[in-house]
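Chain nomenclature is as follows: A, B, C, D, E and F, assigned in order of appearance, with residue numbering initiated at 1 for each chain independently.
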Amino acid sequence: MAKTVIPFGPQHPVLPEPLQLKLVLEDDVVVEAIPAIGYVHRGLEKLTELKDYEQSVYIVERVCGICSFMHSMAYTRGIESIMNIQIPQRAEYIRTILAEIARVQSHLLWLGLLADSFGFESLFMETWRYREDILDIMEMITGNRVIISANKVGGVTKDFTDEHIKFILDTINRLEEKIKDVENVFLNNYTVKQRLAGIGILTPEDARELGALGPIAKGSGIPLDLRTTGYSAYKYLDFEPIVDNHCDSYGRTVVRIKEIYQSFQLIRQAISKLPSGEIFIPVKGLPNGEVISRLEQPRGEAIYYIKTNGTKTLSRLKIRTPTFANIPTLLKMLPGSRLQDVPVIVLTIDPCISCTER
Amino acid sequence: MLDRMIDNVTTVEKKNLLEAVNNMKLKGYRFAAMTCVQENDIFELDYHFDLNFEMEHIKIVVNQTDEITSISKIFPAAFLIENEYQDLYGLKFKGLIVDYKGALYLTPNSPKTPMVNNKAE
Amino acid sequence: MANMLNIVLKNFLKKPKTRLYPLKERDSFERTRHKIHFETADCIHCGICQRKCPADAIKVNRAEKIWELNAYRCIICGECVNVCPKKCITMLNKRRDVAENKKYISIKKVD
Amino acid sequence: MITLINLKILIKLLLILILPPVIGCILSGIDRKVTAHLQGRVGPPLLQPLYDVIKLFNKENIVVNKYQNVYVITYFIFVVLSLFMLLMKMDFLMIIFVYTIANTSLIVGGMSTGSPYSRIGSVRETISMLAYEPILLFYIIGMYMLTGSFKISKLAYTNKPLLYYLPLIFIAMLFIMTIKFKKSPFDFSTSHHAHQELVKGMFTEYSGPALAIIEVAHWYEYVFLLGLIFLFWYTSPIIGLILALITFFLEIVIDNICARLSWEWMLKFTWTIIIGLSIANILFIYLYNVKIL
Amino acid sequence: MAGISKNIMSKSPWVVHVNCNSCNGCDIEFLACLTPIYDAERLGIINVGTPKQADILVVTGSANYKNIDVLKNIYNQMPEPKVVVAVGACACTGGVFHSCYNVIGGIDEILPVDVYVPGCCPKPESIIDGLIEASRILEEKRIKIKNPDKGVAI
Amino acid sequence: MEQIVLLLLLIPLIFSIVFIYSNKKLYKPLSFLMFFICSILSIFLAYKGSLSIRLTGQIFKISEGIITLSEILMILYLFKISVKHHKIGIFILTVIQTIITLFTIFTPDKSEILTVGIDKFSLAMLLIINIVGTLIVIFANGYISEYEHHHGIESKQKLFYPIICLFLSAMNGLVVSDSLSMVYFFWEITTITSFILISYNGDDEAYKSGFRALFLNLIGGICFGVGNILLKKMLDIDTLSGIIQHGSISLSLMLPVFLLCIAGFVKSAQMPFQSWLLGAMVAPTPVSALLHSSTMVKAGVYLIVKLSPAYAGTRLGTVIAIYGAFTFFICSAIAVAQRNAKRILAYSTIANLGLIICSAGIGTGVAVSAAIILIIFHAISKALLFLCTGQIEHTIGSRDIEDMTGLIRIAPVLSILTSFGIISMILPPFGVLVTKWMSIEAAGSNPFVASFLVLGSALTTLYYTKWLGSILAYPVTELKAQDKKDFCIFFPLWALGFGVLMTSIFITPIFNNFVSPEVNKLLKKSTDMYIKRGEVVSKLGTFNEAMVFIALGLVVLFVILMRRLMISSANIKSIYMCGENNFAEGENYFRSWNGKYEKAKVSNLYFDNILDEKALTTFGYVVSSSIIIICLLGGLK
């Protein structure tokens, strides 16, 4: 057997982020794939030991630009817990709504990239066009499209006006229709199905073993959704975690698409229950203690370990992001696949290298 | 979802780590994360496990020069974080399923063991 | 494949969604954060903005009454706007131009 | 007298050399424009391909080995030659063989650069060659059985368009046009846009003037390929032209409604269904002994 | 016809994108430029995968010790004339991360940067501005390469 | 004239004896000498044209005596080896063979005539045998010592050269004979020389392959013998020219002709009998080149073409055409999954012989011309390719086409010659492709044949392109390579390369002098085609060779003109590796996950799972054996 050895990345058009896979192939079948990372390692955890804990919100937001809101939310919730702050209800709701909007944004982005990974340019264009509507919501409410800086310790910085709420509802109603169209393509188009179904199989046992999270676990039939624990305003909302039993790329796609609808549903519920009142309370004193703060990001559970010692700066911040936990599944899914399926499989774990490496 | 890190911490001897971890696996826990906190010269390693969103923690205390047994054979999911601490704290794990040998994040010209706070300064 | 055909044909028949950016420009939202604007008149050079800026983009020289912004380091978070006691920093929803070199904005207050 | 004939040939030659790239350039401009509109975008100006080529000629000429450009020149000349022979209505089978030279040269050129991506791209291109070559040859055999000659010029004397008796082969040709135009679902050796597992596939290491020549050769190739479709309705040039244009538009639409499939899928598909269709069509002609000359 | 020989470069700037230490924010905004709403292809901009065919190098994120080699290699593999665009605060100066241990700084510490696009992350409009500016510089560079002696009057 | 023919038979024999007694140092000059003498003689003969000699009376007696004596010697030899190696199959076949021989000896030939007939086709064959054959002998001088050294076998060169010379003599005899009994006699000699040369290495594998070849060829020989006897009995034909005179034979009397065809199939290693040729690849490369691709296996197709008047236009013809086309297709398919260059060449040889048989079976003027032209062109191109492969093997120590990746860097001259050989097999304007064009055009009216040809030719392009790409690919795997410049290696290579080019350019005189008259004679009608000013014109179409050559010339011109612009001005940059190049290690190294540097490499695809050699071979066996059995059982009636 003649072996083919090729580097796949770091600068590679199908990968939006620098990740290198050393692929060893035998006659087009992958026999070994080892990821190499470190191209976006900044050392951000150390930086928070130098900065003010309030400034660190802006730093953890930039762990990643895609679910940046989730990061600031996990972080602020952690600090608030250490300091025993009860933030206003409205702030909880606003955080939840923004989190779900961020989830929709992230999933749409992912759908587009997935389409791109199997060479479906027009579908990529289509989904990313829809995503722009979500970004408009973000920009309208918070002033930025991607890194929105809406959290602060003690609440949120941006309030919703009636006009905003109307805009959100209009947009998601309109989008829901449109997404039905692309959903149909993703799930029923013959060519797309050829590229997804049966590709990158991950059995539930393997998924557990390798610590898969989020849509990957859910796509393998494991209902692992931290939102069911009812943090923030989720305890007031009604939903079921989405699972799918295909256990392959197709299953993961199904989960993410359904989660978009679910998020729309959650946004509507939250808006209908949105209480009035303050959006933050002033914070006094300095945090002292340690905490683990977890929440469900679009890609699964994020874990923030925060340790403070009563000074302005943190003494240790450890961020375990979902992609970090999902990368080991690649070691299982890639061997045995075909070269042309490598981008698709890599994409289905929705690799966000920048948060993996921080 | 918040856990105060007061409960559920079991501190074990370094040599008993594998056994403790194996027990967690048998109980059906999944490996969630692992933190390393430096206290002066010693390093506290916390292994976090999760079952139905309840967390359990196993703690070991090591020196920088100690060789730590990798748990990646039991929980393959742990190989990345163990490699990370090899890079960032200069710890050594033996028996890693994939050993990056300190090249996960760093290259020969990057700062060595960047997360370690040197009190000497 | 008919499902996609439907979408592309619809697109083909409708007007393209493109904003012809350099030719036509959409107005920014009211809250859009594009760049910060500094009014030197009220500034007391207290340095709070410098201390609070997460990116260390502001430098305040109290003695010489110089307020400096490294606009290429600023992450437009708006923290300085929030903290300035004299409200002399404001957020504009007008874009900062791209440039061929990094210009430092340095404003010296002349009384 | 002699000079007159020569002049005529000379003019013809010039037209053949100049007109196709112009048409091809516009076609490729239309391609990009239509694609953009199908995606809800405005798209580049119609002459964008021309701008691209002019720009490429102005770029630095970089290579990974000194001789990779020789293959490009060979490709270019043989594409032009095959188009020339098509327009001169010569022997169809020979045209395809000459066309094979062009493609082989490009494949070997891709391999010679030594980049892993271009090499894999080339390997895949050989596979697509395996997929489309038989269809082209079946098309030719079908034509021969109908007209009793391999010469395209004989088509002028036919009383019925080829499409009438070669409908299945026409369908087969539509599929292989997708391969030849490097469109989804069969754009796996290289494609006009980046974003794929192989970077730019075969052309990863080509840049500047060499890429420009490849691009111009593509223009000729566009015309050549549509010429093959045109032959299906040779009896009435207008309808033939419309047929070619419809095919072209159809390819663009197919490109936009399909994901890229794997080469295995393509090989299985072409070597069962598509070749089956072609053989069925040929058998039909054989059994009923149809002639249109 | 006369128009064709003018602004040769600026009519078809092909872009290769390198993600250094970026947080994804700038990356996805760059990708968003290609999507229907902004449609950079209108301006002839194509995102080509390979540096060998690119005219503009778009860099997002700051330099770190592992990716400087990548960045340098990609830059060196581009044919002349070429332009580097630094997109976002990180690429310009290092952004919030400038004091991190694994951040060397803006990419101008490694490559000659021609256009700086400020913002974190810059809006797609800003990025398009940057690309337009870059294509203008590209044309200037081409003319300079063609007439090396003429110098520039100041 | 007669003397020259005799000389062509005798000179190799004389050389054979000289080789036995000469010392090792003299091999080289002797080979060159033989090359010159034989080529000059054959060229002279070709220049003089065809002739036919009848051996009667005293000469007949002598010849008959020699033949009988040699046959008995051969049979004794066969008995000896079959006993020595405990080969029962061979033993039984030899017994049958003995019976046939005894039968012919004891049925006295009333006519008392042996005829030697040299027509245009024979002349072409003579040219090939005596020029290509002796070139290969020269090559062997540069090759065989190193080969023996590599394999650690003791020198058997004392045996090698004489046997090769004997073979050349027999081959010359075969193509000049007109009497079927003479053809049969030489036929058997080639079988035995082939056996000796295949088992050259003397190890188990070599003997196994040798005996397989011997076994199958003895079966073929028996078919020949029986066919011969039946032909005489049923139709009173005992010469090849007799068949031509007789013309088309009615189906009921087809059996002897078909038996002769089977003999041809075996010698040409067609489908159910192909295994011996693959086994024969264990022999040293010059043997493969000489016996197993350019000359001996051609004897089979030579016979089949000569028989074409008997079946042209009949149903048997159609069956033979389908049979040949099928072999062409299936062997091309199997070749795709091969990595061993010699096996690729072996399958390609079988496939091309199938194509020749197919063309002969179609039996139209164009088709038979195609068959003859292909015999000529294939011989030269294949000889070149085999020799190149042998030399590549000595350069890089492997015959795996993957290992040849980047050969162009370490052995540029050899690579260019090999590439040229490959190109001449798959691309116009070179001879092989012209004949492919002719045969597809000729097969156009039979969809079955045409389909097989079309599919087979696509597959052919695939496997050769793969190989070509490997050779010309740039970065190299670490090969311990020494590109030796040995004159007796490169002279034959250059000469053959030159021959390919020249024969392709001068296809017109070749066609007019050798092919067209032969076809006229065989089919008793015109070829339906002519070649003029570089244009192959038939009723069906036109192949404009000249135009392609002009285009090739244009390429050269362009390359020269644009040298400054496109080639020498080009700046060499490193290969794109997603930015992770490493220059210190080498140009296709990249930094891998653990910070170490690794080499990127790419291999071709071999479709082992789809085109499984075993499965396809079995399929081929089933189909081809059924065709043959149905024909034998008279299914044609």
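General remarks:
Basically, a residue touches a chain if its C-beta (ideal position, glycine included) is under 8 Å from a C-beta of that chain, and two chains touch if they have at least 3 such contacts.
In UniProt terms the chains read A = NADH dehydrogenase; C = Formate hydrogenlyase; D = Ech hydrogenase subunit B; E = NADH ubiquinone oxidoreductase; F = NADH-ubiquinone oxidoreductase.
Everything numeric here is computed off the predicted structure, so don't read it as measured data.
Between the contact lists of chain C (Formate hydrogenlyase) and chain E, the overlap consists of A, D.
Among all pairs of chains, D-F has the largest number of C-beta pairs in contact. Relative to the whole-protein C-alpha centroid, the nearest chain centroid is that of D. Chain A (NADH dehydrogenase) and chain E have Cα centroids separated by 28 Å. Note: centroid distance chain C (Formate hydrogenlyase) to chain F, computed from Cα atoms, is 78 Å.
Mean C-alpha positions place chain A (NADH dehydrogenase) and chain D (Ech hydrogenase subunit B) at a centre distance of 44 Å. Centres computed as Cα averages put chain B at a distance of 69 Å from chain F.
Counting partners per residue, chain B has 98, 103, 105-107, 114 as the residues that reach two or more other chains.
Touching of two or more other chains is recorded for residues 18, 36-37, 39, 42-43, 47-52, 64, 66, 70, 74, 77, 79, 95-96, 99, 101-102, 120, 123 of chain E.
Among all residues of chain D (Ech hydrogenase subunit B), those that touch two or more other chains are 36, 38-43, 60-62, 116-117, 120, 193-196, 199, 204-205, 256-258. Under the contact rule defined at the top, the touching pairs of chains are A-B, A-C, A-D, A-E, A-F, B-E, B-F, C-D, C-E, D-E, D-F, E-F. Residue ranges of chain D (Ech hydrogenase subunit B) in contact with chain C (Formate hydrogenlyase), taken from their complex: 34, 36-43, 253, 256-258. Residues 10-14, 16-18, 38-44, 46-47, 50, 58-59, 62-66, 68, 109, 112, 124-125, 128-129, 131-132, 135, 144-147, 352, 354 of chain A (NADH dehydrogenase) are the ones touching chain E in the complex. Listed in rising order, the residues of chain A (NADH dehydrogenase) touching chain C (Formate hydrogenlyase) in the complex are 51-52, 54-56, 58-59, 62, 122-123, 126, 129, 136, 139-144, 147, 149, 157-158, 181-182, 184-185, 188-191. Interface of chain D (Ech hydrogenase subunit B) with chain E (complex): residues 32, 36, 39-45, 47-48, 50-52, 54-55, 58-62, 193-196, 199-200, 203-208, 211.
Listed in rising order, the residues of chain E touching chain F in the complex are 18, 50-52, 69-71, 73-74, 76-77, 79.
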